[in-house]
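The same chain A turns up in both complexes below, where it pairs with chain B and then with chain C.
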Partner chain A sequence: MALPLPPGLTPSEVGFLCEMEQVTVIPRQRLDGLELLGGPTEALRPPFPTPLPLWLALLLKKQRRANITPPPWLSVEALTQILDFEMDERTAEVFSPSPDLPAATTTAPLEGDPYLAHDSLELSAPFLKDAATSRAQADALPYHWLEVGHLLLTHAADDFDDPDTVRKLLRDLREVRMSKLRKGFKVLDAGGGVKMNGVGGMEIAEVRGFVGGVVDELRRLNRSREESRREREAEERENGLGSSSYRDDEDEDML
Partner chain B sequence: MDDDIADILASVSAPPLPQRTLDLQALTRAWVTERTAPELLPYPTELVERVMERVGKQISTIEDMTGTMDPQANFTLVILQTELERFKFLVRSLVRARIAKIDAYPHHYLTLPALLSPLERQYLASHQALLSSHYSTSFLSTFPTNLQKLDDTAGGISMVDKPDEDAAVFCRVLRDAGVVEIQGPSQVSEAELKRGDVWVMRWSTVREAVRRGDVELI
Partner chain C sequence: MAYYSPTAILTDAQKTPTTFSLAVPALSPLNNSAPITPTTKLDLPLWLAEMLAVSKPAGPSSSALATLDMPAALGGKVLNALRADPRSVELRQQAQWFYGLGERMLELFEEEEMGAVLLDTFKQRALEIADKAQNTRTAQQGGDSGDFMSGLDETERQLFRAAHDGTHAVKKWFETTSRT
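Entry: the complex of A and B
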């Protein structure tokens, strides 16, 4: 009954998420618009390109009812350019930047329960517009780059101009970025607070156990230092202001 | 100035997303958050109600369509059923992840009934009642009376296990959310949460921002 998995998404769950990304298909058969639970789909009329969720596109592709147009960032030129950026020594510390984000469209409401409320819901991957469609930004890898690339190369390799080169470039990119991630582990500290802009969903799934484990374990090792620092600060505050009421039992709760 | 015009154009030309799409985003986020956060989040009652109502309707649509022998309709049926299964997986996985947390820290969540759905409250209460009567008949009754409690907090040590609020989580900033304090072993540092940033942080640092919808877990 209860889910036997540890916290954190597994790679297959990340794959499930990535299948909600929209891709562009070129239909080979007519299909009326469908009233799906996740919103209506456009009617398919060959040969007009239409955006569809990836899981549906793959279903159509398997039955040879449609072709999938790979997103622009999944081309040999774009991937070569991104790989150059990743290999460049000047940018050895960071990942290539994610696609440009549109400005936030919502503001947090001041009262009520804002968690998941529609009027303050900010879209994010896999629902960001045009992350993997043919109108996607060419010079940046979206959050689900590895998963989308892998699925398209596995199930729709014939829709690529040069699938083997793309596959090779994706593998290179993955390796370069993984080694960057591993180098980045040096800065992990007990406080947490490590910035990882540009990291992909599958990459997180791969390192979550390690990063989370290291940060948590360091915290455990440094707990007494941190607690004595907090006590000292609280004391200083008390002496300085004379009014703050520091509660000693807070730390004990954590033990 | 140009930016303003572009913003206005974008807001006018982009059609508002249908409710159902927003619900899918919200449900997906609820699932990911519940799968990654060390603590239970409030149960999204209305969201799950809306989704389950639509799932019920979709099932009856599918049942109505099953009678036809038209091959085109059959393929549509396959698509509808595939999507239905995806939704059912999301809801089921969300509920199961919650039960796993409730099972792990039952006494802790007994004190926080606001986070649970009525069904979860019922489950927790009856499960705990069964467990404690089992413990007491099998061994607890032979203990001295003052050692029989399962949720003793006397003597400064609490028997009630709590989830690790300081566990590290991966999160993405959805809206600029100001500055948060990061507690470290030797000093407190500050981090500015800007839209699009990805951070590894303690859950206790970002919990409020997640509840506000400013930050999401990934």
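Entry: the complex of A and C
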């Protein structure tokens, strides 16, 4: 038998991965650059802000060797603005957008979008640089917003101007977005999809088991109907459409 | 479905009413050693009933050994109740693997309408399961969850567990990272 783990990342795995995010620290002590498996870190020279992986930053924070600068989106103003967007009736259908993608470095053979091409390598959601450093975009929640926000608020609360308000705003955001996700469950169908642009890693990990189960079962229930529909279409193609060459052309275009 | 999947095996072990159309002396152990004559009705496991229904004996007669009837769990009464209010029907009382049985029957019979009712039922009940799985703690204390769970078929129970596990795992991560 295979591993008893469900497919996809579990919430604790997502939480572990978020510790690889870079955050900006303001060191209090000198420290030479470290050669880590994930790449070398910059040397720490107080008082210059330096990007470090979150886990290392938290470790230094606990030892009082550094302070962490919270990313711009983890401020009262930015979170209030995002929360307003989430609560607005006009945008009730969508999640607040994720940060802008960096400009594409390659030109795609496809007209328009190099992110969809197979042979180019463009970074997108979980791998975006500077999602949680002080250079992060202020008006958008990055992929690991919930995890990074929680870890920083728990272990580096004294680096925030107003940790309690930020904590409250984060909790509100989580609840608003969760209820939006739940509303999205209603449109789940055997062939349908839910638009999940801007949904964070932890939120996806939380609902993955349920959504996967629902879609699997819907597809199983729909299978016989789908098969008979395909057979009917195949028959129609064989029987009646030899005369109309127009439809044949259309079918080939679809392939 | 997969050969070694317990779900598939248990689904196929559910009983279906089968009517024999020929006398089959060799199968009388199925009928408590009473002889099987045409029009004998037996409740047989789905895998056996299906084999009997599709196999044709050698010889002049071209009819199959037996014909399948729709199990009571998917009968008109239940479907009407589901059409009226999917949430109020206790599917587990009908069949332990209700949806599995439905899928197998949809494969064997052309029942467009039954398929539509089952799809609709599943969708509506899934939403309720998602809500209930969110706040099991309060539900369990009130004793409401027990009643609710006893009405779910096995597929729905797995769904309930998946939804609950997701929320629980997130909560656990938050708790463990809050320590130290």
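In the analysis below, the second predicted complex is superposed on the first by the 206 of 255 C-alpha atoms of A that agree within 3 Å, B and C clash if a C-alpha of one lies under 4 Å from a C-alpha of the other, contacts with A are read in each partner's own complex, and residues count from 1 in each chain.
The rule we apply is simple: a contact is a pair of C-beta atoms (placed from the backbone, for glycine too) under 8 Å apart; a residue touches a chain by one contact, two chains touch by 3 or more.
Note that the structure is predicted; figures quoted are calculated from it, not measured.
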### Task
Please indicate which partner A:185 is in contact with in the superposed arrangement: first for chain B, second for chain C, both, or neither.
second
Open item on the list: If we overlay the two complexes on their shared chain A, which of chain B and chain C does A:11 touch? Say first, second, both or neither.
Closed with: second
- Using the superposition on chain A described above, determine whether A:124 touches chain B (first), chain C (second), both, or neither. first
Looking at the overlay, what does A:212 touch: chain B (first), chain C (second), both, or neither? both
Taking the superposition on A as described, I'd like to know which of chain B and chain C A:238 touches: first, second, both or neither. neither
Touched partner set for A:202, first chain B, second chain C, both or neither: second
Task: Look at A:175 in the shared chain and tell me whether it touches chain B only, chain C only, both, or neither; answer first, second, both or neither.
output: neither
So in the superposed three-chain picture, is A:222 touching just chain B, just chain C, both, or none of them (first/second/both/neither)?
both
Q. A:88 contacts which: chain B (first), chain C (second), both, neither?
A. neither
Between chain B and chain C, more residues of chain A are touched by B
Contacts of chain A common to chain B and chain C in the A-superposed view 188-190, 208, 212, 222, 225
As the complex stands, chain A meets chain C at residues 6, 10-12, 15, 150-151, 154, 182, 185-186, 188-190, 202, 205-210, 212-214, 217-218, 220-225, 228
Listed in rising order, the residues of chain A that touch chain B in the complex are 1-5, 7-9, 13, 16-17, 19-20, 31-32, 34, 36-40, 55-56, 59, 63, 65, 98, 101-108, 113-118, 120-124, 126-127, 188-199, 201, 204, 208, 211-212, 215-216, 219, 222, 225-226, 229-230, 249, 252-255
In the complex, chain B touches chain A at residues 7, 10-11, 17-22, 24-26, 28-30, 32, 35-38, 41-42, 44, 47, 51, 54-55, 58, 72, 75-76, 78-80, 82-84, 86-87, 89, 93, 96-97, 99-100, 102-103, 156-158, 162, 164-170, 172, 174-176, 182-187, 189, 191, 195-202, 205, 210-214, 216, 218
Residue positions on chain C within touch of chain A in the complex are 99, 102-103, 106-107, 110, 112, 115, 118-119, 122-123, 126-127, 130-131, 133, 155, 158-159, 162-163, 165-167, 169-170, 172-174, 176-178
